[in-house]
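Structure record follows, encoded as structure tokens.
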Amino acid sequence: MQGQQQQQAYDRGITIFSPDGRLYQVEYAREAVKRGTASIGVRTADGVVLAVDKRVPSPLLEDSSVEKIHKADDHVGIASAGHVADARQLIDFARRQAQVNQLRYGEPIGVEGLTKEITDHIQQYTQVGGARPFGVALIVGGIENGEPRLFETDPSGTPYEWQALAVGADRGELQTYLEDNYDEEADLAGGIALALDALASVNDGSLLPKELGLATVDVETEQFDMYDEERIEAELEENDLLDDGEDDESDEDGEE
Amino acid sequence: MQGQQQQQAYDRGITIFSPDGRLYQVEYAREAVKRGTASIGVRTADGVVLAVDKRVPSPLLEDSSVEKIHKADDHVGIASAGHVADARQLIDFARRQAQVNQLRYGEPIGVEGLTKEITDHIQQYTQVGGARPFGVALIVGGIENGEPRLFETDPSGTPYEWQALAVGADRGELQTYLEDNYDEEADLAGGIALALDALASVNDGSLLPKELGLATVDVETEQFDMYDEERIEAELEENDLLDDGEDDESDEDGEE
Amino acid sequence: MQGQQQQQAYDRGITIFSPDGRLYQVEYAREAVKRGTASIGVRTADGVVLAVDKRVPSPLLEDSSVEKIHKADDHVGIASAGHVADARQLIDFARRQAQVNQLRYGEPIGVEGLTKEITDHIQQYTQVGGARPFGVALIVGGIENGEPRLFETDPSGTPYEWQALAVGADRGELQTYLEDNYDEEADLAGGIALALDALASVNDGSLLPKELGLATVDVETEQFDMYDEERIEAELEENDLLDDGEDDESDEDGEE
Amino acid sequence: MQGQQQQQAYDRGITIFSPDGRLYQVEYAREAVKRGTASIGVRTADGVVLAVDKRVPSPLLEDSSVEKIHKADDHVGIASAGHVADARQLIDFARRQAQVNQLRYGEPIGVEGLTKEITDHIQQYTQVGGARPFGVALIVGGIENGEPRLFETDPSGTPYEWQALAVGADRGELQTYLEDNYDEEADLAGGIALALDALASVNDGSLLPKELGLATVDVETEQFDMYDEERIEAELEENDLLDDGEDDESDEDGEE
Amino acid sequence: MQGQQQQQAYDRGITIFSPDGRLYQVEYAREAVKRGTASIGVRTADGVVLAVDKRVPSPLLEDSSVEKIHKADDHVGIASAGHVADARQLIDFARRQAQVNQLRYGEPIGVEGLTKEITDHIQQYTQVGGARPFGVALIVGGIENGEPRLFETDPSGTPYEWQALAVGADRGELQTYLEDNYDEEADLAGGIALALDALASVNDGSLLPKELGLATVDVETEQFDMYDEERIEAELEENDLLDDGEDDESDEDGEE
Amino acid sequence: MQGQQQQQAYDRGITIFSPDGRLYQVEYAREAVKRGTASIGVRTADGVVLAVDKRVPSPLLEDSSVEKIHKADDHVGIASAGHVADARQLIDFARRQAQVNQLRYGEPIGVEGLTKEITDHIQQYTQVGGARPFGVALIVGGIENGEPRLFETDPSGTPYEWQALAVGADRGELQTYLEDNYDEEADLAGGIALALDALASVNDGSLLPKELGLATVDVETEQFDMYDEERIEAELEENDLLDDGEDDESDEDGEE
Amino acid sequence: MQGQQQQQAYDRGITIFSPDGRLYQVEYAREAVKRGTASIGVRTADGVVLAVDKRVPSPLLEDSSVEKIHKADDHVGIASAGHVADARQLIDFARRQAQVNQLRYGEPIGVEGLTKEITDHIQQYTQVGGARPFGVALIVGGIENGEPRLFETDPSGTPYEWQALAVGADRGELQTYLEDNYDEEADLAGGIALALDALASVNDGSLLPKELGLATVDVETEQFDMYDEERIEAELEENDLLDDGEDDESDEDGEE
């Protein structure tokens, strides 16, 4: 009870430090990320894979409108977890940065540079008053100088580079799965398999095409490639993960 | 009681995260939506249908002035549920966006693009201080590239695409009704029937023309078509849903 | 007691949602309206009638200075109930809108358009921080395209169109009286009779000319016509409602 | 005690509505008016009379510096009650308005128009945040189109027109005295007598010249005329109200 | 205890009214004035006298740097009591006003006009948010149109004109002394004697030259004349008030 | 418990003084520094050494992306401890200052001058409202006029110059180790050895290359030189500090 | 306990008056000054002496980087006590004022004028909202018109002129020492001796060169002269005050 009172003291107004040096509003924003369904990124020798779990609360909802993977530029895709409306703001910011870079320097923006533009933007919302932090984590994947790169942005505005990572619900379990099964030498198909296997591992072993998102950027084409439901179904079949189709229960509070 | 105190801590000043990662002001705005009467959108092969329940607190009130369906552009209609005055602001915003698009690109705005302009606008009111979120949900329906499209905007600023949906009072019950009875192959008349049946299902089986709103946008004309009371009465008769006419009780706190 | 504490939490700073989706500051502003004396609007085939009850706390107060009916434009009158000083602000706003319309388009502003300009202005004060809502309701009556129109603006910023309505003290009782006695086919004299009868019904059956305000806009002249005390007395006599003249008790907190 | 807590909730930050629709900061500002000594205005057929009670806390204080009557324009005087420093701000505002009117239209400002400029200015301080309301009431008296006019401005920003009125301490008692003794046909001398009699009625029947202020604007000259101590003494003698001279006790908190 | 809680409610944020119509921040600023040592002003037929008590907390402090009397213009001096740093701001403001007047109108500013410029400036800090009131009272003395004038500004922003007054510590006792001993016909030497006698009356009957400040503006020269320690000592000797010299105890919180 | 309440009072809104003259928000920011892993700076006759401990929470995280050492200019490196996203802001600020200096004066910025630009920037965030302090300490090392210089910036905005220092976790223990073992005459290799020995002393005596960062700026080349994992491993081997490789446990709240 | 609650009420938001007329934030800033080590200023016939105690928390800290004496202009030095980062801001402000004066008037700024520019700047931070007061006291010493001048600025923004003074830790004890031993006729060497004796009196009778700062401005050269460690050691030896060298314990919270 006392701990609760203490916490309440840091919830109001601008983001400030607690006596033990933590930023509660940022930590609460991390909770908003955990409330979203899981997103996974896998880097392979041939390219990067983005795979996401989607919550489709009604069979009448167009599952394609539950956007958790976005094209940021021809050669960069972004998967998100957490507060959907916040994610949309950061994706728009990323796209504008990519366009500006193209216009100003005549060449595509680097994946690392783009990530750091995003995290610097996020950090401002944790230090300057008058707004709350972004309640979302992003996985930024793409090709830079012919190499696949995979980054994470978190609500504090810190960038990390990964071989493979999970954000959102079940992050702990999923990350352990990835660590146990990641193979540096895997090709893109292997990366897809790993991502889908991981998601299936926290979904009773099988997955519904309509509740999945999948995209890749390979080193050869350097093109973001979003998979439609048909191709996702094919991948699930190939990996023996295809669900026979009953719906999840779900809620509707804007986190994915 | 303790839970209540905890909640109160998040009600003041700007919209901030609670320890479990929720935005209470956005959730309370969702409650404002539920306080409004129901609105329904149905997408059919031939076009989209918007149908709304209206509360007419006095027989002397001009029911046409209880506006829950609005023309946003020639080819797009919007139905709302929740805080009426907030809805008017968003409708005005939508109309300006449609005009700007027409002026700038010489062509009508897409239904999806319009929806996302609206949700981005809504999101700003949930992150930046100095204002409260919008207490309203919108159903945006229209024709884009010859195809009927149907979207929802919620108070968090998240866009969703639907085949059929309900917002406002009785959403749960109505959505279940729509899921149980939706037929992908239905024509516009079928869509109207479904929407009216659904509304009747939570109104003792019959409906008053003056307490209903109805509009369509069909793929052929691509024109928003608002039904007057006479045509609504005809539709109700055709569907055996015509009420014989006693008033609802009602209150007047500005939600519809 | 607990409910009281809960309410207090929503009273401070900007207007925000309560957990059940209400805007307390707007609801309290509605209480300010109820604290004012009653105002009535009646639409007849020939024109609109505005009639108001006035509180004259001292025989030395010039009753004409208790302004509850205002000319907004040649063809539009506005009656108010609630916080007088707030009403004056909205009336000034309405007059400026009418002038701007005349200048910009060379024609008088429509009654509906004017009402919606006012309600949009009111809504801003309920969403953006740094100011309180307006504690006043207006009845906007006039002629548009040869037709009499009668609107209400409430503190949430919602516009309604009416055949006949009451705002301010005793609204419930008065509205019921209007509903029971309204005759769609009545002429202007009939409308005046209905309005005065209604006010008399909550004032022991008779009225004092100096504590009344009366104005009409008829379809023929399309001119706002304010009645002076003599004409009001004549109307009361004709309708057998003339009081013999003792004062009400009253207070002075700026609501009318 | 509970009522007290409830009230405290509305004292902080900007002026907002209480659950029963009142603006506490405005009501507290009215208390500041009551803390000031009384001011009286009387309208007669020949002109207006302003008479004020002054608190002179020390015999060494120049009573002329306790300013409660001010010349706003050649033809308009203003008496105040309440927070002196606030009164000075409004008087300055009134003088600037009078000058602007003269410059812009080449004619003196009307008494009613001037009063409404002042009340609109006052209203802003009760609705927009970042400042407190004015803790003062004004009596504005002058000649307009050859007619004497007498107005009041209160802390809510409401204008009233009076035949005779009192503001400040003992308002209730004084207003009753005025109502009982006001004679519409009285000339200016009669108006002065009424005002002095009223003030004497709450001061043990007699008055000290140095603790009084007196001014008139008559219809003939249309000139504001401030009485000096000698003329005031003559008026008191003529009306048998001259005190023999011991001081009041007094305090010094800036209300008059 | 309850009264204390009630008071606390009015201490935060901007200056607002208490339920009984008082401005606590202004009253607390008056307390800051009382925390300062006394300052006295005396008007005589020949000119004005400013005399101040100074606290010199250490023999190593240059008593001349404890500034309580300031030259505002050639013909105007100002003595202060209360928060020293606030006094400096107002003195700077007064000097700028005097210079502006000289530049704009080619003549020295009047003493009354200057005082009212200062009080209007002070008032703003009691009504508009974002700053606290000034914790200082000023005595403004000088010659205007050949006449000596003596004014006071208090923390509410009210101007008063005096024959003789005291502000700061022991105000009550000192003002009574002045009232008992003031002689309208006294010359400048008599005014100096009265001021020093008064200060001595609350300092065990004698005064230290270094803990005094003394200045005059006489009608003949119309020049502000600051007395140095030697001349002060001569005045004390002439008036049999010279102390033999042990130090006061003192504190250092910036009030004089 | 009481102490805790007292502290809470200083956590809200802007950074203000506590009754004992401390700035709690700055002290809490120091706690954020302590939550980060250790960073060490050592100045030798030949140049400066920066060595940092890194937390790598998953084997799939690219340890190179956990940036704790940054190049600020060709001749200046900066190591950080604390909130990573805040560090990135200060590094960006430092780089811009270095570029501006180069452009404006045509020569590289001095290490001391750069440090003071950073600390002045930090101080602003501790005094002016609307933002929180930076939760990070920096070690700024480089060559100025041929001499190695080593500085610290702390969250209060105070600059210090050091021969050798540690910031972040275990600062006390590490600083004591440095004080006991620092040799003024050591060369760069000796400086590297001291830094690694110190870090090993709080890590069970050995270190993992991937959880270390190492960089130098030597007086000869005046070039910032970042060590890759291979060179770090070589240094560890040379100093008998190479770990055999099990992971630390770790958390992920954005402090390093 | 009650006193404590009362105090807490004045800690939040902007600097405001307490019921007894005190500015708590300014008083707390004075506590921040006391938390810093002592600084001393002595004025002699030949010039001014600035001497400061420094806290060197580690033998590896460059004691020269603990800056408590600063050159403000060729002829003016400033010693500080309190919050170091705040001192740096005021020193920068002072240097800019000195430069501006030189540029604008072609002559060096006066010591008194400079001091008052600084105190006016400090005062603003105690009256206007949005920032906290400066937690530092300065001793400003220099030559003006051939005369040595010595001033103090305190956190309220009050300027004082002194013959000799101490600020910071042990102020009371040190000031008494200075009062007991100050000799107006002493030369610069005597002034140095007095300052060092005083510091030694609160440091067990001896001093470490590295934990001291010393500077002079003499009337002949009118040049600020900072003593290095060697010259300080010589002065200590000459005055028999040289310590044999063990370290103080110390903390690191940014006050000096």
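Going in written order, the chains are labelled A, B, C, D, E, F and G, and every chain counts its residues from 1.
As a convention for this text, contacts are C-beta pairs under 8 Å (C-beta built on N, C-alpha and C of every residue); 3 or more make two chains touch, one makes a residue touch a chain.
Since the model is a prediction, treat every value here as computed from it, not as a measurement.
K.L.:
What chains touch chain A and also chain D?
P.N.:
A chain counts here if it touches both chain A and chain D, and no chain qualifies.
K.L.:
Cα superposition of chain B onto chain D: how big is the rotation, rounded to the nearest 5°?
P.N.:
It works out to 105 degrees.
K.L.:
For chain A and chain E, let me know how many angstrom lie between their CA-based centres, rounded off.
P.N.:
68
K.L.:
Roughly how far is chain B from chain F, centre to centre by C-alpha average, rounded to an integer in Å?
P.N.:
Centre separation, chain B to chain F: 55 Å.
K.L.:
So the centre of each chain is just the mean of its C-alpha atoms; given that, what is the distance between chain A and chain F in Å?
P.N.:
30
K.L.:
Going through chain A residue by residue, note those that touch at least 2 other chains and give them in order.
P.N.:
12-13, 30, 129-130
K.L.:
Can you trace the ring for me, chain C first, then chain D, and on through the rest?
P.N.:
Here the ring order, chain C leading and chain D following, is C, D, E, G, F, A, B.
K.L.:
If we count contacts the way the header does, which residues on chain C are in touch with chain B in the complex?
P.N.:
Where chain C meets chain B, its residues are 2, 6, 9-10, 12-23, 26-27, 30, 116, 119-120, 122-123, 126-130, 151, 154, 156-165, 175, 178-179, 182.
K.L.:
Which bits of chain A are touching chain B when the two form their complex?
P.N.:
Where chain A meets chain B, its residues are 1, 4, 7-8, 11-13, 24-25, 28-35, 58-62, 64-66, 83-86, 88-89, 92, 125, 129-135, 252-255.
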